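Chain naming follows the written order as A, B, C, D, E and F, and within any one chain the residues start at number 1.
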Amino acid sequence: MRTHPMKLVTIVCEAHAKVVVTHLLSEVGAHGYTLFAVEGDGSRGKRPADIPEFANIQIEVIVPPAVAEQLLEKLGNDFFPRYAMVAFESEVRVLRKEKF
Amino acid sequence: MDFLEAIRANLLSPAVLFFVLGLIAALTKSDLKFPEPLYVGLTIYLLVAIGFKGGVAIAEAGIAKVWLPALAAMALGALIPLWTYPLLRFGGKLSAVDAAAIAAHYGSVSAVTFIAATNYLKAINQPFESYATAFLAVMESPAILVGVVLGKLATKTAGEKSGASIKTAMHEAIFGRSIFLLVGTLVVGALSGEVGMKKVEPFFVTPFQGVLALFLLEMGIVAGRRLEDLKKVGAFLLAFGVVVPLINGALGVCLGKLTGLGLGGATLMGVLSASASYIAAPAAIRTSLPDANPTLYLTSSLAITFPFNITLGIPIYLEIARRLYS
Amino acid sequence: MDFLEAIRANLLSPAVLFFVLGLIAALTKSDLKFPEPLYVGLTIYLLVAIGFKGGVAIAEAGIAKVWLPALAAMALGALIPLWTYPLLRFGGKLSAVDAAAIAAHYGSVSAVTFIAATNYLKAINQPFESYATAFLAVMESPAILVGVVLGKLATKTAGEKSGASIKTAMHEAIFGRSIFLLVGTLVVGALSGEVGMKKVEPFFVTPFQGVLALFLLEMGIVAGRRLEDLKKVGAFLLAFGVVVPLINGALGVCLGKLTGLGLGGATLMGVLSASASYIAAPAAIRTSLPDANPTLYLTSSLAITFPFNITLGIPIYLEIARRLYS
Amino acid sequence: MRTHPMKLVTIVCEAHAKVVVTHLLSEVGAHGYTLFAVEGDGSRGKRPADIPEFANIQIEVIVPPAVAEQLLEKLGNDFFPRYAMVAFESEVRVLRKEKF
Amino acid sequence: MDFLEAIRANLLSPAVLFFVLGLIAALTKSDLKFPEPLYVGLTIYLLVAIGFKGGVAIAEAGIAKVWLPALAAMALGALIPLWTYPLLRFGGKLSAVDAAAIAAHYGSVSAVTFIAATNYLKAINQPFESYATAFLAVMESPAILVGVVLGKLATKTAGEKSGASIKTAMHEAIFGRSIFLLVGTLVVGALSGEVGMKKVEPFFVTPFQGVLALFLLEMGIVAGRRLEDLKKVGAFLLAFGVVVPLINGALGVCLGKLTGLGLGGATLMGVLSASASYIAAPAAIRTSLPDANPTLYLTSSLAITFPFNITLGIPIYLEIARRLYS
Amino acid sequence: MRTHPMKLVTIVCEAHAKVVVTHLLSEVGAHGYTLFAVEGDGSRGKRPADIPEFANIQIEVIVPPAVAEQLLEKLGNDFFPRYAMVAFESEVRVLRKEKF
């Protein structure tokens, strides 16, 4: 079956940023996302995930390369200075490229 | 019961002891923690129980008795940021956006502190207007909105890009989980009345104090983890987190008396205005004023003011009320 | 108490008001939601409590009284899909697999609707056979199996590849969580009897109504989110979701009377046959008839029939029973 | 330490599909999988994950490239038309290749 | 009530029946399971409730009555691994590290078994010292530490690289969740006394038996899943898991009598020493003795000893106590 | 925006190994990690994740390639023989390379 290259952008951030980040996703043109609660440790200390207000979430979004670039650009400029956050992209291959 | 006795009674109540146990768990790095859904479940239970009971009380007392002090409570909540903001900005030399954020937290309220106070009054047999929950419900949002406006005015240029607008803050402040639950169950309680209460009493009333104690164990853990951050906030905020509640508490008690509440109700109004939000306000502020430093407002409301109110503050506000009413 | 009064009493009960509050939360896009484990925990509690109580009641009444109406209930459940299928297929012009799937849902039952009905009867002091839970337990599976067979017959060629076989559907319909819990705790309750009941009563009986109210808050949110889909299902299913329960409800009440139940028990038999499954059936149908469109069966059972039954249906089935028994 | 190339296939789907998807995994010869509950948004609307029956799950499975191809093939043909679902593959490197 | 009657009463109690239902769920591969946060929530509730009640009882009885049997309990816990280790090593031909790991589990205790025993005594109206919870609290850790030392001595060379040190094991054994909760709430209960108890009783005491029954349903599922592993552990461990509890149980009962406990208290001391840990010990052993095979210690404590104690063991230890005291 | 190559190491292991694995992470020099509970199936049977003591966790850590190699080395030598565990690495690209 033919697969097509896409980018998977993964964002780990404080749960409070959920609304603004998912808003950004639809702004840059992502057609969906997947999200779940995680625990974390990083430069800003442990985030133990037992109370939702201070928890971390991980957001995964599959987008075409151009959208990924734009997304990372905005994250780096507007979000990194403000929110406890890590973001990275990787190469994936999907079946229905028109879906993303 | 004299003042010291009142404090002792509060400190040795299961609720406060469980809170202290939670603090110890955090400080000794025990791996004890509540899973998030349990925390959320307990929160929902406490808010629904207190809201429903308050609604039944409103139905009994009649809206005529409630509207004036409720309106006053709202106004008080909205005004507190207006005097704390300049204090933080110029007294504490904080940035405008941090000052606005902290001011919003102290104008808003902490439901758990309120619940602990009603618990305490019941334990020492001090009667109070149980429709006081209505004041809790209306005091949560106004200060958040005022704080966000203050912060936006101060950061007009920078904040526009990614921070959500005042509109988002307003939606969050009105339909956010905790406020929605409180207001909603107040109305449900008012519609159900005593008949409905009888059905759900064994779940929402009888075990309430025990559930609160268990919840405060987790709150102790959450607050205890923040204690490390005390060094980061500096001496000014440390003092702010204790002195401002005392002033706001006294203001609240007076306003309660002025608007016709009894001794118990005025104490609760004092507790509300003394308390600082650490759930609704952080959620709204983090999205609306993302440039404010959360360590500052969370540490002061959660690691300073909340423990202070739970342990010493509540008996103090009662004592203030006693002097005023005697 | 006359009919309108009965409806009013139901609408103003805390359980229904909490359900409406949940609907409002969904419609106003409040971020209020129950964490999944809390939802599961409440479900387990409700099923265990109702099953255990039913089992104790069976032990007391003796199996001799229970078997005939239980058998009739099973038969009714199995037969409902046989008349609703052609209605959906030819009246509603739905595809064969969709018609089979929806028919399965309406033959199966909703435990929460049943629980709300027992709650309502208790509130208005209408006695009922508490072993009626046995009917709930036996009515869940048969319709699902009949529906799956109907669907498989209609899609013999296409469905074989990835859709799990009828065998899987049977395992799901018999050992699936909710049915297993109900049947299992019925047996446990029957073995424990009154002695055992005394021990667990303060947990499984006393706070039951309050827990149900809290759970219906979440059910309101879940149903409310589906309201958007109402447009997608069309006028036929809208009418179907209200009219078919009325017919099935009347059938159930009559059967209850025929098999010797009292007024309360016949009402509950009516409620059961009027209710549509939205937990057990979707789980089984989704794996066994994956080509059926879930929007159709979920929306009709969860967003139309469930709210209708909870609010108006229950008093109506009682009224039908009253007329039949007077 | 020597690492070996493998494929990581990630499937996000409605929870109801769990039984059939894990069954497919063992059919194509996967030796294990990892699974967790997620929230999601996509063409079929939000899936808020508060009731297990209507939730999403994410399934991750490490398999040799040939198995991955076969797995995606079957997903694309038999599952995509029926279930709310997204699937993609990516390159990973593992230590013990005989395990997968 | 004679011995067989006592066993029958235990087997038909809701708690044990729910446990059996859980076993059946696991064996029939039902998809019934409790979400993890529900499991954790129930555990926290049970530990807090039992600890708090025990603390109140200590406050009433006075520390003078408690310290001697508590010290004896600690010593017993520490000594059990010393006799079970050689038995496992040479009788069972197990590796040194596996023998040490299993020995640690049988010296430590199972809180749920203890709770089930208090429940059982209450059900048959056998009075007991409710400060016995103190023995539970102090018996959990010593055996774990002894077992880890035994295991480390045996594997001195290999284990040093990645296995955490004895220090970690000690922190885990003292500040680990369950032990921290138990000891902490004992102290809270002792400080709160009867006054505090009255407030939280409707939550921590009244519904307790029902919550325990629900929890045992899940424990049945968890234990049932391990039943498959019975083949892997061999005949020796099968016998070990039943015979050693009987011996330890008898030892505990005697020690209880020697240190001045009544019939009920001695029974509980017997139950404690007969029980094997399956929560605290596995957590500590897995990090401290990672080379020990978890299938061996988990299966014997969770799938053999726990079900045995819950069903037959408890009435047997009571019977032993009865003979000793008559 | 400039992105930099990093390694994402993913570890799925029994929850009991959390303390020792996160300890290893800081030993080899990782600056943070993300962690969440998962269900799993593998050579050691199903891990159904309903009681925390017998559950699985997934740990994700972004590190420079050299650290990844050292981490996998230690996992393979000291941890694989002892714990129920799977580990793999993949290529990702991050924005702020100095963070990792």
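Assume contacts are C-beta pairs under 8 Å (C-beta built on N, C-alpha and C of every residue); 3 or more make two chains touch, one makes a residue touch a chain.
Worth saying up front: this structure is predicted, and the values here are computed from it rather than measured.
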Same or different: do the copies chain C and chain E touch each other through matching residue numbers, with over half of them shared? different
Among the chains here, which has the CA centroid at the largest distance from chain F's centroid? C
Centre to centre, using CA atoms, which chain is the farthest one from chain A? E
Chain centres from averaged Cα atoms put chain A and chain F apart, in whole Å, by 19
Centroid spacing, where centroids are CA-atom means, of chain A and chain B in whole angstrom: 33
Residues of chain A touching 2+ other chains? 36-37, 90-91
Multi-chain contacts in chain C, i.e. residues touching at least two other chains, fall at 34-38, 40-41, 206-207
When you check every pair of chains, which ones turn out to touch? A-B, A-D, A-F, B-C, B-E, C-D, C-E, D-F, E-F
Seen from chain D, its contact residues with chain A in the complex are 10, 12, 36-43, 56, 58, 69, 72-73, 75-77, 80, 86-91
Give the list of chain B residues in touch with chain E in this complex. 12-14, 17-18, 21, 24-25, 28-32, 34-38, 41, 119, 123, 206-211, 213-214, 217
Considering only the defined contacts, which chain C positions touch chain D in the complex? 33-36, 39-40, 161-164, 168, 218, 221-222, 225, 279, 282-283, 286-287, 290-291, 298
Quick one: which bits of chain F touch chain A in the complex? Just the residue numbers, please. 1, 3, 6, 8, 22, 31-36, 62, 90-96, 99
State the interface residues of chain F toward chain E in the complex, per the touch definition above. 14, 16-17, 19-20, 23-24, 37, 48-55, 74, 78-79, 82-83
